[in-house]
């Protein structure tokens, strides 16, 4: 199934003094996402540096902005071909066979303290057959037990907090899914993207689990079907791929996102 | 200054049932470390898989061990040429110029919650001139304020804990150094190694900070001069490069390390 | 020195369904505070229950409010005679002599994890001579190192958080002062009150330390001189004496406080 | 049902320098516990001070011990009459009717962060009918989900930790029970005691919940039937009633407890 989306964002900042931004807002280039057209505009016009991280292909843009207003406009036309999934063939791979390069995604990270969730993960999901269904069960648990409450968490909130406090936003739902997976020896990582028909529009976060021989996407918020997500970045957790990491005295003035489906 | 060390370890495990080990005990191959001879022996003899991580060149060995006793012997003869350092030329690089590939080491990780130490780092070190001296001041602060108490911390202890509780072991000292550096926008990472004349012998941990155009090593425990450390691994924090990550019902029976200086 | 204050508050709630309130807004009756006149009014008129806790004399009012709007008005005219303090005679009392009834205020509580601050307290204040001056030094440390930022903390923030994060509001300043004192074996407790010329007007929190043979008040925010505080409650920490503890679906609509000095 | 127990303890300390001990090892005097004989012996002989806390009647003993060895022997013969319980009549009392003096046991404390368990308690127990059965369900949950692992926790471990990490000792089981109860507006407090046939012998901890018009004891470890517990102390949590709180450089050398049932 192929879809063509037009997506983008407009970010407006008040820069009180010379500051550096690392943006991760460009659509990822993957075998399932083909970028047809793309444009990044800075206002006032200024130079920027692009960097593609060689392992995960995350696309970072660095902007060194002078004092004043900074407006960032990004827009892309993307063909997304979301592959069919056959859950029955998505098996968990034991550590004995797991590609060593994905072990990184088994280890705890800032927001996913899987080392503290071992017994809980075992209690809740240990008896289930391994594979796609077990990761789906993790997502179901999160969906059923956590409440989505805008503003209930902040940039320090981690999976260890939310697994008990049971509320948060998409980022927290994803972190908890990742932590549970890792606690069960299923590699898992954080992904961000533009999401079609997400309301209110915002950068979305969900997670990927490694099953069989590749990564599969899961969204414990159930807000966005996988085929309606246009991927931006991947990382250990939100610390790696904030849409904007800012060094300097900067205030965000406004943020707008949009995703449109191009009719065939 | 060149030194030749003979170093190694013997690890003995009781494997209650088929288990997988990821070892990170092999000496790193770097421009400053030349491995003259090296040998890894498993008893009983069994196959293993080597993997060199492409970015940091960490050398991992995977062993899938059957039930029974497992003895791992590693031994290497290494020529270490520790470069002269001119602290006055080791400047901090502002985010505006920092190579984008090192930004990863500015972000918080499982054991280094730099996002929670921003004000404290600023209070303690914000007024110092940036550069080697400032990282040295961080190490001095840790050395003077933290007490080295074997067994006082565990695998869940993080920099946020120890910055107040003020005791720990080498791993905790390193995590706190990293967290302070990142809070000041100095990239920092965790390193492990064999240490000459460390007493009692053990795997040692310290940290590297990125200054000027390369990484410099710092040891806030003051237990090991940099030229007496034979590097093994590098990572975001201890989660990435445990000397042994074990999947299965395994008990360690004994661990021995040794480092000898080969007389010229 | 005697002053007469007129103080009070107006609290307006939207009660979505029958709810119970425990208020702790009535001025404390102590040897230094004489209540000249006092009035509590509930609108719409409804019954309430008063309770004076026998040890600390905290005055609680329970209101079982029906669905609808609830307006609470409290007003008191209070003569406050703040005693002279001779810091040189305010000595710390060692546990060997301390009245056993104050040991409770040496133990850690929800927001004052003194058990985790032992080394830090020793490092910062261990070399100072015991007594009033040492508690004053704790207040100075807090004042100089913490930033008062409205809205930066919430009802879960504890001294262990703020001692590193270094920002908070009066309640957090007080909790940290208490935690440091207890870590040094100085009994300390949380106090609340109406504060003259506090801007913006709000319930104020500070703390008391036990020295010599009685409790002395300290305000690490430096916002309110002790003689301008009209005490309400005392407790182990904020958990004990919230101005309003609410059981039920209630929203606060507005809160007003006032304190006037009656001219002689 | 009446039973007569002989219980006691022998505590041996090495006191490196003059130190103060607060012991809470004396059997409580309650309407259900009658002390027939009792003896406290200090070796070498030295004076001590007894203090009975007026609200909870906890019996504290303060000893100011000189440098050297300190041996504490306590022994009591106690008639325990454990009342029959009719669970069907043990109702939860809503905050609207609860005696105000027990509200203290609704608030969070050092080891029982009930404020962070609100949603989890509601999710797990919110649909159950209130009363004895609901507290019993909390105990069942703890018993079924937590693993009793000696040495797995320490004096800083709290209910917020163990509710996810799912292991601990009797003290942790009790703290979690208390936290769940408070989160559901059921007053709950920590109790300690001598326990008949506990193996290995040790001070035991469990908790009480306030139902109907009095406190009922619950033991989520299922190690000790209520009628085999001889109560010592009650408090908000373990911070209040450690069997020994020590001020000074002291090492425990040995601890022995015994409880015998006197045959009729």
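We call the chains A, B, C and D, going by the order they appear; numbering starts again at 1 in every chain.
To be clear about the criterion, contacts are C-beta pairs under 8 Å (C-beta built on N, C-alpha and C of every residue); 3 or more make two chains touch, one makes a residue touch a chain.
Computed from a prediction, not measured in an experiment: that's the story for all the values here.
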Original post:
When the C-alpha atoms of chain A and chain D are each averaged to a single point, how far apart are the two points in Å?
Top reply: 46
**OP:** Please work out the Cα centroid separation of chain B and chain D, and write it as a whole number of Å.
**Re:** 44
**OP:** Could you please state the distance in Å, as a whole number, between where the Cα atoms of chain A are centred and where those of chain B are centred?
**Re:** 29
Original post:
What residues in chain C touch two or more of the other chains?
Top reply: 116
Original post:
Which word fits the touch map of the chains here: line, ring, star, complete or other?
Top reply: ring
Subject >> Each pair of chains that touches, named by its two labels >> reply: A-B, A-D, B-C, C-D
Original post:
Residues of chain D touching chain C in their complex?
Top reply: 18, 20, 22, 49, 51, 53-55, 60, 62, 64, 94-96, 100-101, 103-104, 107-110, 113, 115-116, 155-156, 185, 236, 239-240, 245, 247
Subject >> chain D partner contacts - residues on chain A that touch it in the complex >> reply: 116-117, 119-120, 123, 145, 147, 160, 163-167
